[in-house]
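Take a look at the structures below.
Consider the two complexes below, in which subunit A is the common component and subunit B and subunit C are the respective partners.
Our next item is the complex of A and B:
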């Protein structure tokens, strides 16, 4: 009895293997008639989500001014230390980067800089085509990074929220701010 | 010591302190704002709440402010008790209701005490929906930026500026949550300690304007322990570099010296390092040459038998290397002969008299202070700040009688009002300390010296008497001597500022007389002109005048001038004649100056921020300073240029020079202990100059070379130009920056490096004191008492005047300091000016040159003398003559210098 049961089990296993081969053949053949997931890159480009982590850009606020305030948080959070910048300040107190350099030959496109950015200035884009024959061409300066639009975040303007006054926005004109106090007033 | 219980754990803490300080000293974290170790407690911010229990059965307890709670035996408190935690979180939330949303554009961000405390209490989400109050900012001068929106009204700024530093132009205005800290109107903060507001302010209301101009976050600065070069006090500093620029200088805590505070000259004078006109290439007859060429020329000059002129602002090692190169018999001091004479006296007194030269902490403990002929506030501001604290000791004594603890700041000040301890200022002109003095006596330099000798005689009849003293001066001498006799801890302060050697001698005489009376060394503190003036003197140089004289006879084939401008140290015509008679002149310096234009060979060297070495301050403390950055261009350490030119010595690193210097000069034997040697390691690694959070390593120089440069090797010290290693456990002399987990701000994180908060650094404060008082030295009295000078008609006795900003050459080159430098002038007493016919400017005979200078009426000038500011840009060069003949200048400046 034990011998018969063993033979039956082996037979089922063999049958399973054979059927699996047919199922595989069927699947493969079936894909001949389905739409391909791959695209003919580079002739064809894939559609990438806006949240894709590719080439880094610096964006502008809705007023068209540079969003970057040179706070250095992206640089310090960068695990490969590939961001270097220097703060400068215009005549009205607005901070901006004097230079802003990203060494893309070191960048691992982790997106931590974007997470750290308090002004939505630095953003990763769905562009990944950055291959170069010369590593030196992968060093991007501010003029290579700065784009003309606000990127993914259309409305945010850091200086409208922050208490520091800049040209065109005086003390007390930011969100949730009371007008400046007249310290010469005798009223309590 | 008393036993207290914190969260059920027993601890031992020193008796008499407040609970907050004790908890911090135990290494526990408790948030606070208004308390400061140097300023004491006022209980204003309510942040340091703890729960205090009656006894072990009390489980509820009550919330108490730790800073206002004295520690007592058996005190039981809960740091982590829910009531305390909730209370502290609530306070932070309230403080933050008006705080602007601007950390990214705040210079304080990353080293902000408010950020640290907010994180520590766990306040992350804002619930307040109301409007934030806003304030307009003020222009506060070239040093300080003002951003009032960030204020949390802890009152630390006015407590420091007004109560501690004696400033009167920073006020608090308005009321309740509208309070405003600023000036009555826009304008530069006048007090010379205003820069400390940057570190005292727990948030970003007051920030460093010079730093903001080329701002870098704290974590990106490459820093090294350093020593200030702008006066002879030797305050410890931390210079920080980024992208090849010296970005800022901040205080480096030293328990015995500067403590928590620096003066503005030390903090903002660093700008000279960044000047575009620095000497960076070796120059031969005005043409740039290679380093090898420069070295070869230096060697040639040495073979000719050159003399060496050492520098009071170069390190001991550099001066010693020069002394070895030219031979001790050819080694001269690069300072004015008058300074030389005074420094020589100071050297002898400190080395062999029974007097003690006190540290600044000891100065703060003095109960009677006599300042003899020195405008300490302008020549050594940090020492003046210590004297200012010393005048409070009578307040503290009165408070102690009423059992008020010294840290109860508001109570002590309320009790004492404006009462100040005995301070006697005997000066040759008005000084910054006059406002605190019980007695101010202004006389000519010779008369001040005579008065000093008279005080010494009144203290100890064995000291020579002074004849022909006026009755008034005799009374002054008697009363001051009486006060010094009664004092428990008297202090005499003098220095080289007056230009009168007899004043230094008189100060030493008084201290010696006190020592004899008290049978123990009395304290005397000497102000020396430059950061290493005393160190240079310990190498036993000859005076500069001798070098100038020997050149007259044509016996000087060449001269090597180390980091000094001869035109500041001797008369112009004497220097001109010296330079023209000397065959060849080599100058080693970092900044352009008058001698650089005349030297045939100029070799560039590094500044204090780029080199390493040892300075000896006025106290006689040898302190090591380290490079925060590498020198510009072809510049090198001075000692290295000189060592490479030496035919026999093969010194490869600084330790070898230091060792050779210590072996050759007995009094400097202990200078090797000023810092650990270059082979010092922690876990096999050097001490990092960069923080573990440094950014941009792979991008900072990628535009020049895509490959990251290898970190520069530093063979001269145990510090590395990298971020690898243990900066936290470094010995105090090698501590490159002050940071501890949860504590990012410089002023507050230092608590983690101190034995006891506000006390000595762990492992001892850095530096080595070279002089210990000779216990029973039979010091010979100075017997040459100067005669009173009778004024001649038409001839005025010159009295040097000093300015914090301008009188010191290096800081005067800093861009921000330039704004604060007064215009050239001379000062006369109003009565003298009236005799001259109320002139706007006077024409004077300056070493044979006719100079026209604006004249200022100043009633602190002694009649018959003329106050001449020292070193101000635009003043005639050279040490000022002892007397000046002057007359009213013709209009339109017909008598401009010839």
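Our next item is the complex of A and C:
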């Protein structure tokens, strides 16, 4: 009995394998009538989501100032180390990058820099058409990266919520920030 | 027009080679359709001129013989598959008056030439003096040897029913009933064997890219590589034509002229070959061998026995 059952089980297994081959053939044949997922590229553009990870830009805050505070977090997190920048400070005490350089021939468009950035300054855009004949042209400087708008985050302004004091905004004046405690006072 | 007239020979030869060339495009387009892509569609109408572009490219490539190769054999190997496949076409009866030659041993001739074609892979692998090529050649020879056995056995049912090896007579005997009906098992076995003989996926272990670089033709480039390629396509066409001849009533069919029926049926089988390439994965080598000897060979023998019993019961030439 046990032997018979084993043979029956094996038979069913073999039958399953054979049937699965036919099912595969049938389903692939069914794709004759499905639409192609690819498009006629240069004439027809593929639909890319706004979150697509393409060419990197540096954005500005709603007031039109540079968002980047040159904290170097993006340069540190970048797995291929293709971001280089140098911090500078303006007359109001704002930090900004003196130069900001991304070598797109090395960038793998992983998006980690965007995730690391505390100020939403660095953002990836749905543009991937970056082909160049000369490899040196793949190195983008700050003037190529900086755009005029706020990118994906329209209202965020780092200096308005951060505790750092800059010209025109002292300590305790940021949004949701309590005035600093006077440590010399004895009042509760 | 009669069988064997020079016009006939010229037309068939031209048609076969043109088919093999166009198949490069057909295969790429069909695979694209089944993989939800577009495929080569830029050059000429529907991308048909892609064939010409591929040809020009492959013809103008450097014809290189590696310094470590056995030169004579290396050059000779790709011609073998072309020559055997083309000569095998001579016996295919395309329509009542279209064909190159009729042998009364036509089927044996086809089997013999399709086995000879494995020398192409074996010699190429040996002459390349490269371990991956040699592995590919070894696999090719073992695979062809094992699958040939039941390829021959699977068509014996047809021979029993028709009582002859002459392909033209076999087709004529299918006037009323195609042999696929009494011989469906034989057809299944023959189809799988034909797939294995032409080294097509899922039986393309001699050139399995993921383990053997490109198998027996690793060292080949340019026109010599092109000959392997075209030889493979002619092999597919030949196998499809043989399936039509042996099991699907050759040129028989209503309304349309015989030649058209033959071409249509052959085209369906060629597309089936491509569909299989697009869907089925490649087995492991031991699975391939076990499948051949433990499943297909017994099936072929069972088919042979059943057909014999049938012929005995119904009386000869049923």
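What we mean here is this: the second predicted complex is superposed on the first by the 141 of 188 C-alpha atoms of A that agree within 3 Å, B and C clash if a C-alpha of one lies under 4 Å from a C-alpha of the other, contacts with A are read in each partner's own complex, and residues count from 1 in each chain.
What we mean here is this: contacts are C-beta pairs under 8 Å (C-beta built on N, C-alpha and C of every residue); 3 or more make two chains touch, one makes a residue touch a chain.
Not measured: the values here are computed from a predicted model.
A.B. asks: A:132 contacts which: subunit B (first), subunit C (second), both, neither?
C.D. replies: neither
A.B. asks: Who touches more of subunit A, subunit B or subunit C?
C.D. replies: Larger number of subunit A residues touched: B.
A.B. asks: What is the contact status of A:163 with respect to subunit B (first) and subunit C (second): first, second, both, or neither?
C.D. replies: First partner only.
A.B. asks: Tell me the contact category for A:106 with respect to subunit B and subunit C: first, second, both or neither.
C.D. replies: First partner only.
A.B. asks: If you stack the two complexes on chain A, which partner ends up touching A:82: first (subunit B), second (subunit C), both, or neither?
C.D. replies: First partner only, subunit B.
A.B. asks: Kindly classify A:115 by the partners it touches after superposition: subunit B alone (first), subunit C alone (second), both, or neither?
C.D. replies: A:115: touches no partner chain.
A.B. asks: What is the contact status of A:183 with respect to subunit B (first) and subunit C (second): first, second, both, or neither?
C.D. replies: first
A.B. asks: Which positions of subunit A sit in both the subunit B and the subunit C interface?
C.D. replies: The answer is that subunit A has no such residue.
A.B. asks: Could you pull out which subunit C residues touch subunit A in their complex?
C.D. replies: Contact set of subunit C toward subunit A: 32-38, 275-276, 278-280.
A.B. asks: Note which residues of subunit A are touching subunit C in the complex, please.
C.D. replies: It comes out as residues 21, 24-25, 27-29, 31-32, 34-40.
A.B. asks: Spell out the part of subunit B that touches subunit A in their complex, as residue ranges.
C.D. replies: Of all residues in subunit B, those touching subunit A are 99-106, 109-110, 129-137, 147, 149-150, 173-176, 178, 180, 182, 212-217, 219-220, 243, 693-700, 702-703, 706.
A.B. asks: Please output the residues of subunit A touching subunit B within their complex, sorted ascending.
C.D. replies: 69-73, 75-76, 78, 80-87, 89, 95, 101-103, 105-106, 118-119, 135-136, 138-139, 141, 158, 161-164, 171-172, 174, 176-181, 183-185, 188
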